[in-house]
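Before anything else, here is the set of structures, which you'll find just below.
Next, two complexes with subunit A in common: one pairs it with subunit B, the other with subunit C.
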Partner chain A sequence: MKKEAIIEDPYLEYIDLANIGGDQAAAPPLPQPAQPKPGEFKLIGKYTPRVDGRKIVTGEALYTHDLVFEGMLIAKILRSPHASADVVSVDLGPALSYPGVKAALKLKDGRVKWAGEPIAAVAAVDERTAEESLKLIKVEYKVLPHVVSVDKAMAQGAPLVQNEGNVAKSNEYTRGDAEKGFKEADVIFEQTYKTSWEVHQPTETHGSLAKWDGDNLTVWDSTQAIQSVRDGLARSLAMPASRIKVIKHYMGGGFGSKLGVNDHTIIAARMAKETGRPVKILLTRQENSDCVGYRPTAWMTVRAGAKKDGTLTALTLKNYNCGGIGRGDRCSEPFTDVYKCANVKVEEYAVFVNTCGSRATRAPGHTQATFGLEGFMEELAARLSLDPLELRLKNYSTKDKGDTGTPYSTKGLEQCYKLGAEKIGWSRRNKKPGAGNGTVRTGLGMASQIWPGAGVPGTLADVKLYNDGSVEVDCGTQDIGTGTRTHIAIVAAETLGLEPRDISVHIGNSDLPWAPISGGSLTVPSVAPAVRDAALKAAEYLKGLAAKKLNVAPAEIVLEDKKAVSKTDPGKSIDLKELARTIPRPMPFHGERANMTPGFAYQTFGAHFAEVEVDTETGKIKVKKVVAAHDIGRVLNRQTAESQVIGAITQGMSAALFEEKIMDPETGTMLNPNLHDYKVATAMDIPEIVPIFADVIDDRLNNLGTKGLGEPPRIPASAVIANAVFNAIGVHVREIPMTPARVLAALKRKEAGK
Partner chain B sequence: MKNFQYGKPASLEQAAAFLGPGDPNVFVMGGGTDLLGEIKEGLVEPAVVIDLKAVPGLAYIKKDKDGVAIGALTTIADLAEDPGIQKDYRVLHEAAAVVASPQLRNVGTVGGNLCQRPRCWYYRDARIVCNKKGGVKCYAEKGRNKYHAVFAGGLCWAVYPSDLAPALIALDAKAVILSAKGERTVPLAEFYMPPIVNVRKENVLNGQEIVKEVRVPQAKANEKSAYLKFIERGSWDFAVVSAAVKAVLSGTTIENIRIVCGGVAPVPWRMTKAEEALKGRKATEAAARQAAKSALKDASPLAENGYKIELLETIIARAVGSLGK
Partner chain C sequence: MDSVPKKRKSVSRRAFIQSVSGGAVGAGVVSRLLGKEPRPRPTGPGELEVFEKKRISFTVNGRKVILDAEPRETLLQVLRERLRLTGAKRVCNRGECGGCTVLLNGRTVYACHLLAVQADGADVLTVEGLASGDKLHPVQQAFIDKDGYQCGFCTPGFLLASVGLLAKNKQPTFDEIRAGLAGNICRCGNYQKIYAAVGAAAEVLRRG
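On to the complex of A and B.
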């Protein structure tokens, strides 16, 4: 009963979201269907409300937290209160004999490296019983010294967090000769920028429910990745993936913290097996705050050489990432790719401390990097007395690797700059940062973004036609809250001449055709082209049937307004419903996301512009307005796309002004693991937000020319506020969150002339 | 969370009788916005919770010749929206209007707000046993303390979080306290106790007593008041610093003034030196800034909360400067 299998945190492996699906050589190129002409679309690119919006806001939609099965047990995890200790013994006995407890598991032997690490778990008839019984588990620890702050971890004599030492090289990159580049420069400038630990804080905490039927396991999980959870469970439980089904219908956000199988999911599955009853485990807000990751910190020292006209001659980054016991993120790509520069050098290090490992957080690496790179560009522009926009245009690249690599298939960043600058009224900015008067200062800032978001070739989707005329789409993707059901319905309806509500969308079940994780801005550019491919095949089939009925050539037929109509003789038409009666059986059409045209680089681009007010006596920042212009190719649904932008800007502003995981040096625990002390922006903080899309269609990318948007608007969202604050007060705060204390300190730094 | 018994008293006297034996495991509850959090966080494990909302007639705002009497179960939202309070006691209106969030103001009560426990993150973490919980040290003193006290720390550097308390102290209000033995009246200025008197609790209630009512004296014709609260985000935040000011003015000259600050000490903190310095001066931002600056020399900030002194200087200056407006 008390098997002692130790669960390793599967999250410790670095998830390189920016490069998922980047290996285009893996699959042979498939023929691309014909591109629709502009203006040909009735639904795509327009405003469509969510097909499941009503269900969600009325509470009808069921989330993992809502699920209840007969005989279901509730499991809870006992976690280490110590940040560093050896587990000497664990006695489950008293918990197992507590009335109502059905199972207990020991989860840890040996070294505990962070406060919150799972030690044991119990499953009981209800939550209260599980909670009470946890208190009866006797754990003997040998407490060891810990370190939870980055600077202390890097100091001589700090307690060792990982055997390799507390600092380890994690990434390096060189092109050209930076030293030579610095020699060619008129100006050399160096600054250090810091970001804090930002916790995902999804509205719905993590949770899983496991239920066995003989040798088959079904898991309902609040996850961004049903397919990965299945594969991870198969590995952890050493059972065939074919016997596992993972279901996720609705979820309250993930932001990168729910990308794979979690230890609590494995615990639920094991305890369900042992007890023969369904087991549900929901993390508390505290566990969600301090046990399932966060965005790692970055301490970025940026150095550049530039000519007087702004031309970059060298750019270097030295970065210390801290992702707790994990390796943190890589922040190099914006530095190596955004600006034209021949001489670039990046060195990155991981710093280890005794907190849980970090996890991918909405544009991992790029978000931190952009705070450093774009803050630096704004300061460099001031140093060179240049318009920050002019400086960026001066170093504009059209090929990746800072204009030294593969040409971008399309790059709409210049359009984004133009559209955004015009909308914010860029000429209103202080020509010299801090030039205004009075206690409350106003400023404008900008920041750019780059992110792949090209999607994953090989994504599958089926369109199924029934002989009553109804249409189903099957895809093993999941909606993490972005509106995936609506996007699928739009593509299928557009292609088949129907309305979105005519399409039954089946997603959120890992038995359905494969689709990637919903992370890395992958869902739309992976799933939508696969659905389009399947729907185009279904449309061809229907056109063939209609052609026979109407006695015209198939090429003559268009599908619109729920009819098959002859283009040349609109009098010849047949209702699709009627046409479907001739279908002998439900007809499936398989779709696949094809490869991109080789020889080009595919990225999303964007630029944000912000207006802020800063009270120079209190250090309080009020964000007035943010204009966000993005090149994400073809927009599928403008309504949900705008929602993404509004959410991302809110989140980025919140990180810029408020959010910080605070660790106690003495106890090694998180001091603000709740939604009061961990401050997330309230409705009262949200500025006017203006989303703009550049509508640059990339025909080489996929059959819809569409890119991802989940991450792009988050990337510059903190940096742009810091830059606007710089323009307002004439000093860059260089560290987020920009709390009143930090803003006041920056103003003092300015007074002292530093 | 342990099971507890839920007591629904028919009268305040009955509620007081429940408390009579002074059982530390019997808790009274107003809106419950603080107590229920403490129970869930495992900070307290009541055997009995007596719900004062069950008692009829405890929510009222009554004007009489002596001033105004506010029932302890009056919600903060009702206090904030009362036109009489708004007219005569601007400081109290402004303080009530910025408590927490609209949802919490709809539920939270005046009595509960005055008796709430501190928000110190060490105190609120059930795993950490600090002085306030019978331990042997204050973890904030050498720990993470950006929200902690700059005055009167020592045994405990938690700040007192109430917005209403500084406002009511500025107005010279009194608390009417009931127990099985009878009633007593305590000026709110003497209601709170610094850690040096008793680090385990924040007020003079002896465990058998309930705050029944708050009485605010009649406002003078030339009395002006204001409450200014500095919070980090737009809503739902306790004061980083706050200032409640009430002055009797002759023209624009200050005859006398009371300045009571929140978020800076374990109790609502009077700035008596600044009050003295402002007597006879014009009620301007500049004069108040000068007075505050000099009074704030007595502050003893910790490693991460020195910015509170700068903030407090500005908040006091702006509050005093707004009196004539």
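On to the complex of A and C.
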């Protein structure tokens, strides 16, 4: 299994796919069913408990970790202890002769570029045997110098991580003339912001189970992307995709780290083939901490020119991303798109170091960028003695590319600002940052957000009617914990006049009709419109049957409360169950997610407001309250939507205060690859979180007017806390996590007048 | 110290972990429970079998189980791998996250941090035994009603920790709920809703 020298995160192409606006406007639109009027919905937009809640709370929900097959082997991976080395030889012999070991694979020849890179694997009758036998594999390394820190990698004479050098240009963008813009400015301001390596740490570690039946392969995988895993396996194993089925029932979190096919999945498939037995492989917490990616760091120097009234005349970003041996993220979009500015220039560079490649992490690029951009805006407002909210409104855009491109179909950011500011009590903020007295200072901050989340045209779903009246929805999507089963059930039930629990939802199997990855906030805006389309067709069919039975026109019929009822004569009705008896055979109706109306840009928007307390003696930050207002179009289920927002804010706060993958410069290994030393926010840290939805329905976007929500609430969630801290203590910490040491250092900087 | 890890509501997750970490506890217990003299040390040639099994029996979800456990097997391994009770999850496997929380004689324990032989004679409750037939435990129902989960992987641990907490404190304040569940990590970050669910369940339980 040869690894490409520089990992291109496959997820990034999905972001472009999701970012459908003016660029794809030329594509012909598919017919759009009419939007329901407000108030027409009984289920959509309300609070619906999850249809599979009982499975989850009884332990019946089966995760990949929980699956067992007769004769199943357990595989384990031997990983490089060295961050940079040449593999001279690998001797599998002693492991193969260890009792209970059924297969061993050599995975690596030549250069190892990070500690944790797979070298070999074994499959044995149980986990302990596999672990023991790994120790018997003899590997001879020629150890080479390594570098794991960004500044050391950029220094002269650093060990070369990639042949092209340790720094490579990864992105650039120019609009207007930044130099001209700076000349027009009353004030020019520049600052540098840094973010850390943030590890996904899903509770369920990555894992796969592979089983062959002749030439057909079935893989159960803890994945956000069953369809991509199938396609990736077909490529890696050089076999037809049609002979591979990928299944995922339940999954314990992913946050971007479980997109696409993984090394360990391919290993399981190969060893299952070789041994003729099912092979399961589960990563350990340590492997999950240091071998399956993280959010790349950003080192962003932001410079802007502004008029005294806050009007931006120029905005530039120079950013060094570090995603280990990979190219990291692109952070440009918030800089190029959030604020009205004619003169913008972005230069981004990838810095290579000897750690595993980064992976998409809940809103890749945008989250880091927003920490830089929104921190900068807060500081700029202070510099100009403006209300930070006013500064943002002053530069409000209604078209993409900073008001120079395609008009947004809808943009509810202004509503988000208003709703959020009201809820937090924005007037309570320190008019001058750091104006309070005493040891413990209070502050309020805000941050804005933008993210595509428009969904993928071409997503498929089937609604099937049975002649006993039962209804099934088939869709090759997956529920990664957001409540996809429930969302599908709500849309089908709403359309057919049923209850969510009446719908049998079949998902998590790649043989089902195609749906995109569950990443990029794509699931709801892709899947729900496809289900709606299929359900509308099924409803038309049922209405036709009912019209005949009741002797009225089909347009007269509505489906509600499990009945087909005449609108004009409610006395005329028939139970759907009874009506279904006339269906000759199970009837499938195919639905497809249509294209967007061309000529418009589609984005999600949001604004967070936070209140914090900072102890100026200890440097400890206490987040008191976060208000999160989001424009995600129509909310499908307020209950799960709120959970998404609450979770994202918890994660964002966690990254703002605690999370950091720490590398040991001496050994090139991760120092905190567990849940004790890699600190995540828990019980005593969490603030009061208030989710608000702006409910701006986008009629041009899809037949439900709904956008995605996975990423949006994560994007401003770290920035807003840093900005509130700035408002509290009068100095911006500019680097996350804002550990007590960094807060105290910032306070010292302030005292020194720097 | 007590050989059985337990959570006290005033103890933070990190302090708790420190208090139970270290292999000495396990080793001492094992040799005592095996009920025989330690084997000779391998100071010369020949073969020495170090690991052997002990027959233990305990009650799981009301049913008595009898099995031969290796001294090094954790209760979590026995539950998941030998009894096929996969509700308790292996998340960190070192007492850091609460994903494997079960009740042992009514007390909240991390099953990954308890040797199976330490459960000999005990009464173990896992998520699979929480409902009475079709009727969910009020805590389970509250988690559904309040959406006290997202991916659901940490949920069994939270449920058992909540049941353990509410057995000791029938009317916990919000802060007592937080402190009482401080040993459990929800990476999806839905704590606010989890705690609301526990508060709601407490009310239902009080009403009887």
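Brief remarks follow.
The rule we apply is simple: the second predicted complex is superposed on the first by the 726 of 754 C-alpha atoms of A that agree within 3 Å, B and C clash if a C-alpha of one lies under 4 Å from a C-alpha of the other, contacts with A are read in each partner's own complex, and residues count from 1 in each chain.
Just so it is clear, contacts are C-beta pairs under 8 Å (C-beta built on N, C-alpha and C of every residue); 3 or more make two chains touch, one makes a residue touch a chain.
All values derive from a computational prediction rather than experimental measurement.
In the superposed model, A:G253 makes contact with subunit C only, not with subunit B.
In the superposed pair of complexes, A:P570 makes contact with neither subunit B nor subunit C. Looking at the shared chain after the overlay, A:M684 reaches both subunit B and subunit C. In the overlay built on the shared chain, the residue A:V68 is in contact with subunit C alone; subunit B does not reach it. Contact with neither subunit B nor subunit C is seen for A:G425 once the two complexes are overlaid on the shared chain. Of the two partner chains, subunit C is the only one touched by A:T58; subunit B is not. Between subunit B and subunit C, C touches the greater number of residues of subunit A.
Of the two partner chains, subunit C is the only one that A:E204 touches; subunit B does not reach it. Of the two partner chains placed around the shared chain by superposition, neither subunit B nor subunit C is touched by A:P586. In the overlay built on the shared chain, the residue A:P81 is in contact with subunit B alone; subunit C does not reach it.
With the contact threshold set out at the top, residues 676, 681-684 of subunit A are in contact with subunit B in one structure and with subunit C in the other.
Considering their complex, residues 81, 128, 131-132, 617-620, 657-658, 662-667, 669, 671-672, 676-677, 679, 681-685, 739-741, 744-745 of subunit A touch subunit B. Residues 1-3, 101, 119, 121-122, 124-125, 127-128, 139, 142-144, 146, 230, 232-237, 240, 304, 306-307, 310-311, 314-315 of subunit B are the ones touching subunit A in the complex. Residues of subunit A that touch subunit C in their complex: 49-50, 53-54, 56-59, 61-63, 65-66, 68, 201-205, 250-253, 255, 282, 284-285, 480-483, 639-640, 642-644, 646-651, 654, 674-676, 680-684, 686, 688-689.
Those residues of subunit C that touch subunit A in the shared complex are 12-14, 17, 80, 84-94, 96-97, 99, 126-128, 130-131, 136, 140-141, 143-145, 147, 149-156, 159, 178-179, 181-182, 184-193.
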